[in-house]
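Listed next: structures, encoded as structure tokens.
One chain, chain A, appears in both complexes that follow, with chain B as partner in the first and chain C in the second.
Coming up: the complex of A and B.
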């Protein structure tokens, strides 16, 4: 087949650019499988979520249309605002730390001469683990009676069960689990900075920290904004590790937006109101994405 | 001054290795615990190394639990999700990249808008849909919502766009059908992208917790990540067994990563758009 793609054919290639009669039909056939799945499992549920949010539905039965009543209720719902605050607190504890740790790891790994891939693998490995393996590991390590932290420090803190420690501990576990990905992105960024740039800087007399300040850091900035963006969005979506480690406790202090939605739908069986939370959740994510897109495009 | 230049890199390298060791220590500790007896795992004076090492905990976990069934469920669903996702995305991306047809821009816009919608916001309507289709606790119920990946289309389309137009045109002039061009020219050319999307899709599907958590209630239908959360309740305070379960649950992805390390990292970079 590839043999037939010969140079002589290129002479007539202008004609071939015209869409053939059957092109529309072929395109439809090629798009149909994805389009069908997309409409059924993405577009339809999206519209359905909006529609359900305007009704008083249970989890499986559609209830009467109530207009914006759910949205009015949401605005005055202390539990929702608490969940939003908890989500924000988690984002505060993770977004910048995980970006900085990823950057430091990348700088450390990038300058290694030997065993570079090996050390990179050590840092990246947790990222490929399923969330429940991660939570089982840390529940064992931080177990207040038998865990290794207890054995080494004598601490009897119930890390996931106390008000002061629950959220920060989940944040630390999350950073351990996911930071390898940020490191990977930063390493890719570091590899894109050419040797010549560094050589020119050293000819100009830049040394040590100056090279980082004036060369590495500015050239890494696009990656940094990418990492911050991805981190912020993923921290707004936090649910599983929090659910498995604290269950939202103690006293709902770690119950985040998605868990509030999940509890409302699958525990209280209020599908309509839960859909309202889902729409609010989507709007918050959308707002954050748009603000970031605007900030990023202004920099260019 | 000169001495500092020699000492500092050595210290930095040493610190990096130490940090790397500390980073995987939780994994090593889980393996060590899983090889201990229950008495050693909870001994008041810390036992660092299992003495003697035994596979009793692993044996008990496999014999008592649903673990083999969960492996089967995870393998079947992840493989199907990966194959279908890659196939659907490659077909659609080829149409978007190489064919001209009516409504192309509107459709493309509709697909890319999908990237903005978080899957988490669709849980309730998706659950209702699957419930209406009697797909709760079925493979179809686990698989179907996971085969829609606008990002895969986006990555494929970018790759197809970069293939010189002349190749497509020349093949058309030679009378090859679009299907033949896709299958015989574009697919063979896209090996790296296929691997990248395939690996990332497989790992994400294997590790997905949220959707299986919503759609499966019977222990027999659970996937590995979900099943692992069940064993602690079943065993109470059997820590060696719990860690053996965690080790067995993490083993497939750890092995896959160690074997395909470069493919995995390149896959994630490709999907983020940092590598073509």
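Coming up: the complex of A and C.
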């Protein structure tokens, strides 16, 4: 696919009667609040975290500078690597499944004529729930002595408490909760494919699966890469569901990176080392998403 | 507490107390810690005495002098000695104890009766060893078909730590020495007892906290080991007839040499606001309020907690308060707190670590030795870290 660049807008500013300088000033003025918030709440804390990662700080007091000692410790920290593995495992369980499910739901909803908005709202509904509600709901459903699943099947499995099931169950809950958003993105993508393209395809004799294979899927690819990238980043950043559903257990087997960071900072009161984990993890996410974006965009 | 604050605000018009409630555990302590270090902490906080040894050396709490206490009519002799001791650090008092909430044993009189565990007066026959208690669970299971014990044992649950600590203390053992776990054989024996109860089917698997309470209150278990904080729910359930059996509350049994039982306490402490010490009129108000609460701690006692203030516990009104007075004195004299240290205490990292491995052993996910060694490794790593600060 070729990009079409809109050149129309470029000429506009010259025609406008006002000098360029004041237009710039207006732009800066309008950007300022956002820029300020961005600097204050994103750039500054990031730099501060980097700085703290080089100190031996507690939760509330900045400690002495220790150079790269924390990073050296991190390399040999089995808990760090375990948390990284757990985070990767969770991403594996969620990124592609939730993209696929979102796509299938979008295709199904898109075909509907009458109940479309209703079904779409129904599928989207879990996404509007706060995480605490979602987790409570599933804790009730899956409670091994009083839950609905127990009542229906007699299963006494502790879904969030057993080694084999804890991580997959959190993954399923997360997909259930967030897939509606991906569905919406795909529906938006589907709506952007013009009817004429489909008409042309059907004139050429394309049917059923062929239409999807040669028209829908390639034209949806930009959306798919977007969903995959967003999903990867959010899966790597998982914290709340895990914190509320398994607490990282049983015995650390579902402790993901952000929880390890949280434990280190807020429970073990080690602010410096927690910052080191944060910075290292930031770099890992950055790297992984760049690699992913590069791999996915090659197909274009 | 709300009732006490409202009562205080109405009783005088010199001071006005405003209450903020925060979530128990890590969120609470993190908030207090950060607000204190930026000078925005409240004038008074309620505080677990088990955390004094971590907070006092960090200068996060303001010591309270004997004279200040005397100015509102309070003195050391008015409080249970073990609680007063827990409120101090290196000879200074950092909190005024409000209560203690130990681990106690609830029992269902119907089920216990059917299992032949009650005496002629309808009280629980004495239980003097782990074997006695195990036999009681077995009798319940054999004769009534119900579970012996309702006990929170799901992932990340704290109850096993509490019982573990109680049993080690009763044996005269130690948990920590020189920042190292030294629980050794008593530690293994204590965990073994819990694992065996599960293995023999005396308690239900994977019970989270609400489930364990529901199990007992719906008559599906004859005993429950839990904190005294469930007493109001029990009394309320009886009054509203949602609980259909007679129940009793006994102190944790004497399994070994002593009758120590895990407990924690609430106390009142004054945050040491950074660079902004509490103003003298606020201090006077704080002390006045604390004294009011102590003198009206009958209200607080109805929450199941045992008041730290002896005049309340010794009063005839308290003696008439059932089932509280059945366990209060023995429990309060035998309270055993978490070992001292910055890592210790309510929702501290040491408890959190035990809560990962002990329940896993009880569920059979980890062999006992492995669970203990994993806990020791994590705890030792934690404690070997520099004391903070």
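Rule of thumb we're sticking to: the second predicted complex is superposed on the first by the 250 of 300 C-alpha atoms of A that agree within 3 Å, B and C clash if a C-alpha of one lies under 4 Å from a C-alpha of the other, contacts with A are read in each partner's own complex, and residues count from 1 in each chain.
Following the convention adopted for this analysis, a contact is a pair of C-beta atoms (placed from the backbone, for glycine too) under 8 Å apart; a residue touches a chain by one contact, two chains touch by 3 or more.
Remember, predicted model here, so these are calculated numbers, not experimental data.
K.L.:
Does chain B (first) or chain C (second) touch A:201, or do both, or does neither?
P.N.:
A:201 sits against neither chain B nor chain C.
K.L.:
Which partner, once the models are overlaid, touches more of chain A's residues, chain C or chain B?
P.N.:
B
K.L.:
Once the shared chain is lined up, is A:156 touching chain B (first), chain C (second), both, or neither of them?
P.N.:
second
K.L.:
Now for A:82: first (chain B), second (chain C), both, or neither, which partner does it touch?
P.N.:
Neither: A:82 stays clear of chain B and chain C.
K.L.:
Would you check which partner chain A:59 touches, where first means chain B only, second means chain C only, and both and neither mean what they say?
P.N.:
In the superposition, A:59 contacts both chain B and chain C.
K.L.:
Is A:144 touching the first partner chain B, the second partner chain C, both, or neither of them?
P.N.:
After superposition on chain A, A:144 lies in contact with chain C alone.
K.L.:
Once chain A of both complexes is superposed, is A:211 in touch with chain B (first), chain C (second), both, or neither?
P.N.:
Neither partner.
K.L.:
Who does A:121 touch here: chain B (first), chain C (second), both, or neither?
P.N.:
Once the two structures are laid over each other on A, A:121 reaches chain B alone.
K.L.:
Looking at the overlay, does A:267 come into contact with chain B only (first), chain C only (second), both, or neither?
P.N.:
Second partner only, chain C.
K.L.:
Is A:69 touching the first partner chain B, the second partner chain C, both, or neither of them?
P.N.:
It touches nothing on chain B or chain C.
K.L.:
Under the contact rule defined above, give the chain A residues that sit at the interface with chain B and also at the interface with chain C.
P.N.:
Looking at chain A, the two contact sets intersect at 59-60, 143, 145-146, 266.
K.L.:
Within the complex, which stretch of chain C touches chain A?
P.N.:
26, 30, 33-34, 36-38, 154-156, 204-208, 211, 214-215, 342-343, 348-349, 352, 356-357, 359-360, 363, 365-366, 371, 374, 382, 385-386, 388-389
K.L.:
Flag every residue of chain B that touches chain A in the complex, lowest number first.
P.N.:
Result: residues 9, 12-13, 15-17, 19-21, 23-24, 26-27, 29-30, 33, 41-42, 46, 87-89, 91-92, 94-96, 99-102, 104, 107, 110-111, 114, 116-118, 120-129, 131, 144-145, 147-148, 150, 153, 165-167, 169-174, 176-180, 182, 184-185, 203, 206-207, 209-210, 213-214, 224-226, 228-229, 232, 239, 242-243, 245-246, 249-250, 253-254, 256-258, 261, 264-265, 268-269, 272, 274-275 of chain B touch chain A.
K.L.:
Going by the contact rule set out above, which residues of chain A touch chain C in the complex?
P.N.:
56, 58-61, 63, 139, 143-146, 156, 158, 160-163, 246-252, 263, 266-270
K.L.:
Which residues, counting only chain A, touch chain B once they are in their complex?
P.N.:
Those in contact with chain B are residues 1-2, 4-6, 9-10, 12-13, 15-17, 19-20, 23-24, 26-28, 30-31, 33-35, 37-38, 40-46, 48-49, 52, 59-60, 105, 108-109, 111-112, 115, 117-126, 128-133, 135-138, 140-141, 143, 145-146, 148, 151-152, 176, 181, 184-185, 188-189, 223, 226, 230, 237, 239-240, 244, 258, 261-262, 265-266, 271, 274-275, 278-279, 281-282, 285-286, 289.
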